[in-house]
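In order of appearance the chains are A, B, C and D, and numbering begins at 1 in each one.
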Amino acid sequence: MIDVQKRQDHRNLDINKVGVKGISYPIVVLDRQNEKQATVAAVNMYVDLPHRFKGTHMSRFIEVLNHFRGEMTIYKMPEILREMRRRLEAETAHLEVMFPYFIEKEAPVSGAKSLVEYQCFFSGAMDGQLDFILGVTVPVTSLCPCSKEISRYGAHNQRSHVTVKVRTQGFIWLEELIEVVEKSASCEVYALLKREDEKYVTEKAYENPVFVEDLVRNVAQVLRDDQRVTWFVVEAENFESIHNHSAYAFIEMDKQE
Amino acid sequence: MIDVQKRQDHRNLDINKVGVKGISYPIVVLDRQNEKQATVAAVNMYVDLPHRFKGTHMSRFIEVLNHFRGEMTIYKMPEILREMRRRLEAETAHLEVMFPYFIEKEAPVSGAKSLVEYQCFFSGAMDGQLDFILGVTVPVTSLCPCSKEISRYGAHNQRSHVTVKVRTQGFIWLEELIEVVEKSASCEVYALLKREDEKYVTEKAYENPVFVEDLVRNVAQVLRDDQRVTWFVVEAENFESIHNHSAYAFIEMDKQE
Amino acid sequence: MIDVQKRQDHRNLDINKVGVKGISYPIVVLDRQNEKQATVAAVNMYVDLPHRFKGTHMSRFIEVLNHFRGEMTIYKMPEILREMRRRLEAETAHLEVMFPYFIEKEAPVSGAKSLVEYQCFFSGAMDGQLDFILGVTVPVTSLCPCSKEISRYGAHNQRSHVTVKVRTQGFIWLEELIEVVEKSASCEVYALLKREDEKYVTEKAYENPVFVEDLVRNVAQVLRDDQRVTWFVVEAENFESIHNHSAYAFIEMDKQE
Amino acid sequence: MIDVQKRQDHRNLDINKVGVKGISYPIVVLDRQNEKQATVAAVNMYVDLPHRFKGTHMSRFIEVLNHFRGEMTIYKMPEILREMRRRLEAETAHLEVMFPYFIEKEAPVSGAKSLVEYQCFFSGAMDGQLDFILGVTVPVTSLCPCSKEISRYGAHNQRSHVTVKVRTQGFIWLEELIEVVEKSASCEVYALLKREDEKYVTEKAYENPVFVEDLVRNVAQVLRDDQRVTWFVVEAENFESIHNHSAYAFIEMDKQE
């Protein structure tokens, strides 16, 4: 059967990325507490395509994915990327994996246990070397310092999403990044709070007001001092309770510059 | 050219609704303050199809839509539905129109003006008679009565979305529904608040705590007593600041039952 | 500590549904091929609230959910709903569970294996009796009969989503519903197709053109004749390749009417 | 009243971007055919914040937005960004504006007129100089060359979204970018097609098969040769009719490197 994709192309245009996007796939990830966790990922896989080729072979991406089924841990990323380069005959391979990750947390007073979901992602690129980014979005509570200070009582507060992405030398647990964020907020969120816990988180948030600016700076301060982190971005979005839009802040730091 | 759709079908199955979905379309709606407002709608148009016909004629829906371009007001709904029935040779026609609608509001203390967006919709069905539903989703602030009462200071609060849908005898402005909802909440939201306004809304929300149950009951109480309203649903979703999930409540009332 | 929720309410308004919405939760579901499958669900849990009570107790929903962690199969639905009624002291309980479900399929010619994702859901309501709805959205290929017939060559085709919901007497596998839909389309979709498979699905779709009307009728025809099914809805949405909107059809049938 | 935001911060961390996100706002944009077009935008506005300040003043962003209400054309971008820098006392200002834009198109044979929607965006950043990016996502039809060549009849085709972003020296109409994309595809899409048009677009797509790689290369070829364009990215996503995931390609070219 004819291989249309292998034909010559004459437009003299390299393609930076070509591949498959938005594949839903069950995966297993490393879990600090329980070793392994089954979850469902959205996966994107791309390679570069030199100008002389008309097309890539899309089915091979899925074959690589299937080959590593049930082993999509952080440790496997280099091997998967190498396999993508080999099978697709490409210089550069890109793999993006986004997935919900669950951690069991204890309510602060009652100790009642429940699961909190964090949206995580791996992003790996490999030409000769591996470029790996680990990321997570953490839901937290933020309480406005200005509102607290100028008001006779109360203070507006809201759910915020803080996203951290890091490049590292040496291993970092998702759980570590999550802890950094949760400590940087007015209070962390839980799925299950009994009345005594609700009192606790209400008062704690009131005692720890943070602007959206503080959220990103508090996180950035810790990551700046963590020797394992060579680059990071942190962004925070506050779904303001007094507006119908968000407050937003973003810091990027490349320590090797 | 052959008309495949007009052919006979032998499966003996009426189709309740068939048509076009997710059409983006610029429309003009009635505005209590400024007479008219230009906005962009998502439009769905369906008719029924008797069992003996193989298919409907999709292009005619778009022709009807184009015919009424620039006149998609609430008053035109019966005419559009009649035209759909006529052009599609159908018993029943359905038209759903969802659109953002903007109202200029003044901040409560400074009087600073800004636009607040409300997601609105019209839903009309016509066989012999018109069945028309008017709806709107209103963003508000809700502050938890329990959190306030049990805590030494502060109270968790958050953005909530309250959705109201009504069937009426006689005309009701979208603005009226919006006002009912905004008065039912801990506080309304604004796009622009100066510091003195922020103090005001913080304190007002603290003085008016509402559960998600109160949100829907406060709205339902007003609509129950409004003689123009013959049926309504009201639902509220609180994007809890202390959880990563929502609290939700829903009331439906048919006064003619 | 004060129980604010338990207080009397005087607005004389029953609430149809109140509870928690949008909880992300890891679950295990029954799998015809492999017995069990781990996935991640979005969960909604509601009860009714009589007019005399001010509020429900949101944390108890999560406690019920946690109690059944790792056992959220279709068989457990009645037990979970009964526990919701008991713990929340409610007449009616509602549980909605939506989740991606994966089935390994073999490509039609090469036999290459890959996973296809289906969005599934359970919806249970219980007052005295259980009302249970099983549903699934199936991606398929649809090819337009009109386009094929009037054109000298080719025919526009596209991805379609067909959603089926059923009430049954007796057990039905999700896999059975999925098969009904896949046989009703121009062709089923796969995650992995080699060139010989691509030839096969292209030709098969061309040989089996269906309108969006045919999609829902083909499915309805089978469900109408399946004695286990007492009620169903089937809807199809074609993401038209020649438009930027969808074609849509919908059939509902209650056999007990 | 105290200005909490103006206080000193001691963490020694500059913030790259801080501001407001996700504001829905009615705007007027330039229209090649009709001079002006009313639409509804999603707006993000950010500035940098030097390390010594605790917070920015969020309300001022909205004041700037209100000041330019009804004049959000491409020509106004520099003035708005300058005003943001001035009012927020910032070095750098960022403004992102995304909006649906409608063009009336004539069906290729019948000449029937209808509106097609394009998702457009402006993105402007200013420190001393203006950095302006114009972008648009264009829905088109793509038909697979491999499927066509290996099959006895038919060829799978689907809706694709092609996104172009350009930096330019000199003015470019959105309409020009849209035309470049539509000519690069198997066929353009329309909202309204009569039977004779459906025959035309079916046959035209069959005569012009393109891979996702061809889509981006065809566009890149034109933009590479357009002297006004100094930088561009083009990406294409095919919502494959034979899979439940997308094929994707991406090219970036900076002519000044």
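To be clear about the criterion, a residue touches a chain if its C-beta (ideal position, glycine included) is under 8 Å from a C-beta of that chain, and two chains touch if they have at least 3 such contacts.
Source: prediction; values computed, not measured.
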(request) Check every other chain and keep only those touching both chain C and chain D; list them. (result) A, B
(message) B-D versus A-D: which interface comes out with more C-beta contact pairs?
(response) A-D
(message) If you average the CA coordinates per chain, which chain's centre is most distant from that of chain C?
(response) D
(message) How many angstrom lie between the centres of chain B and chain D, each centre taken as the mean Cα position?
(response) 29
(request) With chain centres taken as the means of their Cα atoms, state the distance from chain A to chain B in Å. (result) 34
(message) Measuring centre to centre with CA averages, how many angstrom lie between chain A and chain D?
(response) 25
(request) Give me the residues of chain A that touch two or more other chains. (result) 1, 23-24, 117, 146, 150, 191, 193, 195, 199, 244-245
(message) Can you tell me which positions in chain B touch chain A when the two form their complex?
(response) 116-117, 139, 141, 143-144, 146-147, 150-159, 187, 189-191, 193, 195, 198-199, 201-203, 205-206, 239-245
(request) Write out the stretch or stretches of chain C touching chain A in their complex. (result) 1, 3, 23-26, 37-40, 59, 62-63, 66, 69, 100, 102, 112-115, 117, 191-196, 199
(message) Touching residues of chain B toward chain C in the complex: what are they?
(response) 1-2, 4-5, 9, 11, 13-24, 44, 46, 49, 54-56, 58, 145-146, 149-150, 211-214, 216-218, 220-221, 224, 237, 244-252
